[in-house]
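First chain A sits with chain B, and in the next complex the same chain sits with chain C.
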Partner chain A sequence: MSTQSTRLAARLMVAPSVILLFIWMIVPLAMTLYFSFRLYRLLSPERTGWVGFNNYIWFLNSPDFWLAIWNTLALVGGVLVITVVLGTLVALLIDQPVKGQGVLRILVIAPFFVMPPVAASIWENLFMHPQNGLFAAISRGFGAQPILFLEQHPMPSVIAIVAWEWLPFATLILLTALQSLSSEQIEAAEMDGASAFSRFRYIILPHLTRAITAVILIQTIFLLGIFGEIYTTTQGGPGSASTTLPYMIFKQAIVAKDIGRAAAGGIIAVILANIVAVFLMRGLGKNLDA
Partner chain B sequence: MARALSPRRRLLTTIAAWFVALLIFFPVLWMLITSFKTEASAVASPPELFSADWTFENYTEVWARSDYPRFFWNSVVISIGSTLLGLAIAIPAAWSMAFVPTKRTKDLLMWMLSTKMMPAVAVMIPLYLVFQRVGLFDTKIGLVLALMLMNLPIIVWMLYTYFREIPGEILEAARMDGASLWNEIVYVLTPMAVPGIASTLLLNVILAWNEAFWTITLTTTKAAPLSAFIASFSAPQGLFYAKLSAASTMAIAPILILGWFSQKQLVRGLTFGAVK
Partner chain C sequence: MGKITLRNVAKRFGEVAVIPDINLDIEDGEFVVFVGPSGCGKSTLLRLIAGLEDVSDGTIEIDGVNATDLPPAKRGLAMVFQSYALYPHMTVRKNIAFPLKMAGLDPAEIERKVDGAAKVLNLSNYLERRPGQLSGGQRQRVAIGRAIVREPKAFLFDEPLSNLDAALRVNMRIEISELHQTLKTTMIYVTHDQVEAMTMADKIVVLNAGRIEQVGSPLELYRRPANLFVAGFIGSPKMNFIEGSEAKLHNAATIGIRPEHIDLSTSAGTWKGTVGMSEHLGSDTFMRVTVEGLGMLTVRASGEVSVQQGDTVWLTPQDGKLHHFDANGKSLA
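Presenting the complex of A and B:
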């Protein structure tokens, strides 16, 4: 169906999206790259000049750097594991012929519609607060000391909050996939004496592969940039305990007001994101019928 | 794969499913309950599931103390505006990718998605400076553009997966009958793609409504939407739980209700067509 003129028209129709996205990507990236080789401190604006790789060297040698990398990977990995495992279990449960399935779905999907600052502040204040939070009240009810979630276990607490936000997404996609699995196949396996575990392992899980792939790919894109939840709850602390790479860059730019170093961190983050992206797209992209 | 269960197992499964669903929903429910308590009852120990003297006061006070209608209106304009603009740019692109694919179409789609992997914080300062320079800082237009570009890869991708399911023969038949490209898109493709376009629209309105980085970074007062409204409320230490809950409820209620009504359309779109 592709005549010469159709092909030309097709190119012209893709062009606006590609050009706009290219500008949206390249202008800030080029500016960040430029700043990353400059001395650029908001507190001493009179001192400027090229500093070579000094900003990068500072950033890579900062004691927080490897912690921030580790925290970023722990956040992405932790949330992915929790949402995929719990999402599968919840989806299997809701998929059973239970009463009020429609209402169940509505309850389960709700966290997805809660904007991140709201989710973070509900958890921080109403649940994890050491004096007034619900968890502290429950601990007291059992005669135990309240757990200092955000003070002593900042990363697990942040991971739990973000996992709560993303659990509905994983559950709904896995549920949709489950519903397209034919019940005859399961019944046949049951008649042949397959245990519940082997039914799951050899029939249900292979059927869910594509859905799990989609969940991992889409969530990673959003999780790599997680910022608001940390800003609202721990501010990267205590100390640097919950500082992720995006948060470390933010601290350099806004607290230390060193744009050069923040820009070097930005470039490092972009490189890291690209490494993750290549792994994901190569490894998982094939699974998705793009 | 719903199957029959014995009545006893069915009852147990129902109880378990409801318990898990309520557990997941509980934080939202607790926020809702707290928003109707007095401040004293909100921090009472042991906690009160239902306060004896429940009140609307928190809502009236939040309403009086802040300019909620302005934040709300900014959220509506920004989320709907960015989505409509994104659709206008993405529909032709998705059409061409779905019906006149080239060798590079898949790479192009992957590239578009990969632009979303750039951490927003990494490019915050440059965008802030650019927005200041060209006069887009703290304007609704500026945020419409920023959020449109942020969600454009998702819009293109979702539309592409919907369009690909439309049989190309129908478009060819229209072309044989002498329809121009424009007419083909407007009168043949678009009506068939309405369900797909609708769910793309819904998902992106929700994503834009809940966006809380650019909307806070690129605004101060004039164009600030509900994400900034709630950020200004989330500093209290214990004393304002009921008001914080009321403000939170006011910020999320519109999109929660929209999402509930449209959840069926949303789910398919969410998977980029990977799951049927």
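Presenting the complex of A and C:
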């Protein structure tokens, strides 16, 4: 596709899908933007009108707002750190030639196929439950008091659950990257006197940077919007201890039935996502260049 | 020092004995070439010496020390891989410095050695580039640079020139030979190309199906091949083999004559034949001549010879240049 006419033809051909995708994106965004400046409460639908930045001001002044921002970032950051570090280790492990490798890999991937609310329920009721949970049983086995995970450590618990769900994704991507590393490079490093740790540090890790970058970017997109796991387990509590920005928006839209404020929260979430994206692309974007 | 001794070395992958049993002595400072057809176990043998594979049986001694169970790094050998195996995310400088860094040398010393190696290999202007920005020949040189800075007891090369184009291959062949002249370090060089073996080696080891067929200097192998396999493998074009009644006349199961040891005449000679396809190289002409009762023979004639396809010619083997083999393919002295 190098001549003028083929370039023009190419543009014409992709135009319909580009236009469709653009509309798909711009209409909801425009509507959200519109509602965010309106008074629009489902409980008193007769009161309408423009309210300027009032919805935004309410959001920014809400006592939960900064906590929610912090929780959102902690969730994203925590899950990223856990999945990338553990994912690398698990990928290194299941890359070793062992018997039953196929079955092992399927087992490692399995959590990804469990639906988020189901995964959260399993964790809440089978692992973290203070009476029936496995962890409580272990604690009692050591003669200790069971830890009240979701009550005393709500955010770390949610992070653990979400990390468990996303670990297979990171592992899978990193495993494929690992398998594309030429064995001769490892052997050359071995002959050059590199210890196992040096081989990891100087050969394997640099080889994985691009895959790690992809994992971080893709996961960030999904993690910023995590909702189901919180809804199923802590409901944003106790109090507001595990309220994230998406959960706060949900509370405004569905619980308080204030569409205007929820829309303002949505726009703030879009801005937050863009700030995160700018930082990520600044920091990691160059890793994606060939 | 770099004396390497293999005693009863065997390598099996599962049931398959890739190398059944090899004994070999490599003297300090020698340029040894392992040559043989693809899949005969050359790389495997080299990797056994390097320590990248474990032997199934036997011992490997390096400078009189049993190295059979030593890890690769402890053997003091350096290897140049067929794919070069450069570290793609490091600059040329860091690539060459890597083994020194792993050995824990201080940065000033590393710098000095890398610059020295770069000068020898004409890489001084490329030290800050990445391998991806270099040509094939330059990458090859970086791989060699990474090997020489370690000052190893011996260099191991696994088909290092097979990814280069023909002209570059000839240059690099000369460069590696010169490097050997300068360093006087033991080199073991693996190739499937008998021309590389003939031009570079002090000692050639001809391998076939994991067995050593013959060990000797290039001219020894050329003049006195131990068997049919070596006779057919060394020399280009291939030696002509003649069986049947003509061989019986010489009390052999098979006789062999090299294309360059046959005289061609249009008037008289031992064997009468018809000219088939010819390859004109300018300096030489390789001619296929069909001789009744013997089959097709390849003949090397001078570039000026003027015979056409279909002409009748006479061929005469030169005195004392016939090779005789018994029914098992072994050379008859």
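We take it that the second predicted complex is superposed on the first by the 265 of 290 C-alpha atoms of A that agree within 3 Å, B and C clash if a C-alpha of one lies under 4 Å from a C-alpha of the other, contacts with A are read in each partner's own complex, and residues count from 1 in each chain.
To be clear about the criterion, a residue touches a chain if its C-beta (ideal position, glycine included) is under 8 Å from a C-beta of that chain, and two chains touch if they have at least 3 such contacts.
Keep in mind it's a predicted model, so treat the numbers as computed, not measured.
Asks: What is the contact status of A:Ala194 with respect to chain B (first) and chain C (second): first, second, both, or neither?
Replies: Only chain C is touched by A:Ala194; chain B is not.
Asks: Kindly classify A:Tyr202 by the partners it touches after superposition: chain B alone (first), chain C alone (second), both, or neither?
Replies: second
Asks: Between chain B (first) and chain C (second), which does A:Ser182 come into contact with in this model arrangement: first, second, both, or neither?
Replies: both
Asks: Taking the superposition as given, does A:Ala110 touch the first partner, chain B, the second, chain C, both, or neither?
Replies: First partner only, chain B.
Asks: Of the partners chain B and chain C, which touch A:Phe37 in the superposed model: first, second, both, neither?
Replies: neither
Asks: Please determine whether it is chain B or chain C that touches the greater number of chain A residues.
Replies: B
Asks: State whether A:Ile259 touches chain B only (first), chain C only (second), both chains, or neither.
Replies: Touch status of A:Ile259: first partner only.
Asks: Once the shared chain is lined up, is A:Thr213 touching chain B (first), chain C (second), both, or neither of them?
Replies: It touches chain B, and chain C stays clear.
Asks: Could you give the residue numbers on chain A that contact chain B in one complex and chain C in the other?
Replies: Residues 182, 187, which sit in both footprints.
Asks: Could you please specify the touching residues of chain A with respect to chain B in the complex?
Replies: 1-2, 6-7, 9-11, 13-14, 16-18, 20-21, 24-25, 27-29, 31-32, 35, 90, 93-100, 104-127, 129, 131-132, 134, 137, 140-141, 164, 167-169, 172-173, 176-183, 186-187, 210-211, 213-214, 218, 220-221, 224-225, 227-228, 232, 245-247, 249-250, 253, 259, 262-263, 265-267, 269-270, 273-274, 276-277, 281, 285, 288-290
Asks: Hey, which residues of chain C end up touching chain A in the complex?
Replies: 50-52, 71-73, 77-79, 81-83, 85, 87-90, 98-99, 102-103, 146, 150
Asks: Which of the residues in chain A come into contact with chain C in the complex?
Replies: Result: residues 182, 184-185, 187-195, 198, 202-203, 206-207, 209 of chain A touch chain C.
Asks: Per the contact definition, I'd like the list of chain B residues that touch chain A in the complex.
Replies: Per the touch definition, chain B meets chain A at residues 1-5, 10, 13-14, 16-18, 20-22, 24-25, 27-28, 30-31, 34, 42-43, 45-47, 89-90, 92-93, 95-97, 99-100, 102, 106, 108-110, 112-127, 129-130, 149, 152-153, 156, 168, 171-172, 175, 181, 206, 209-210, 212-213, 226-227, 230-231, 233-234, 236, 238, 241, 244-245, 248, 251-252, 255-256, 259-260, 263, 267-268, 270-276.
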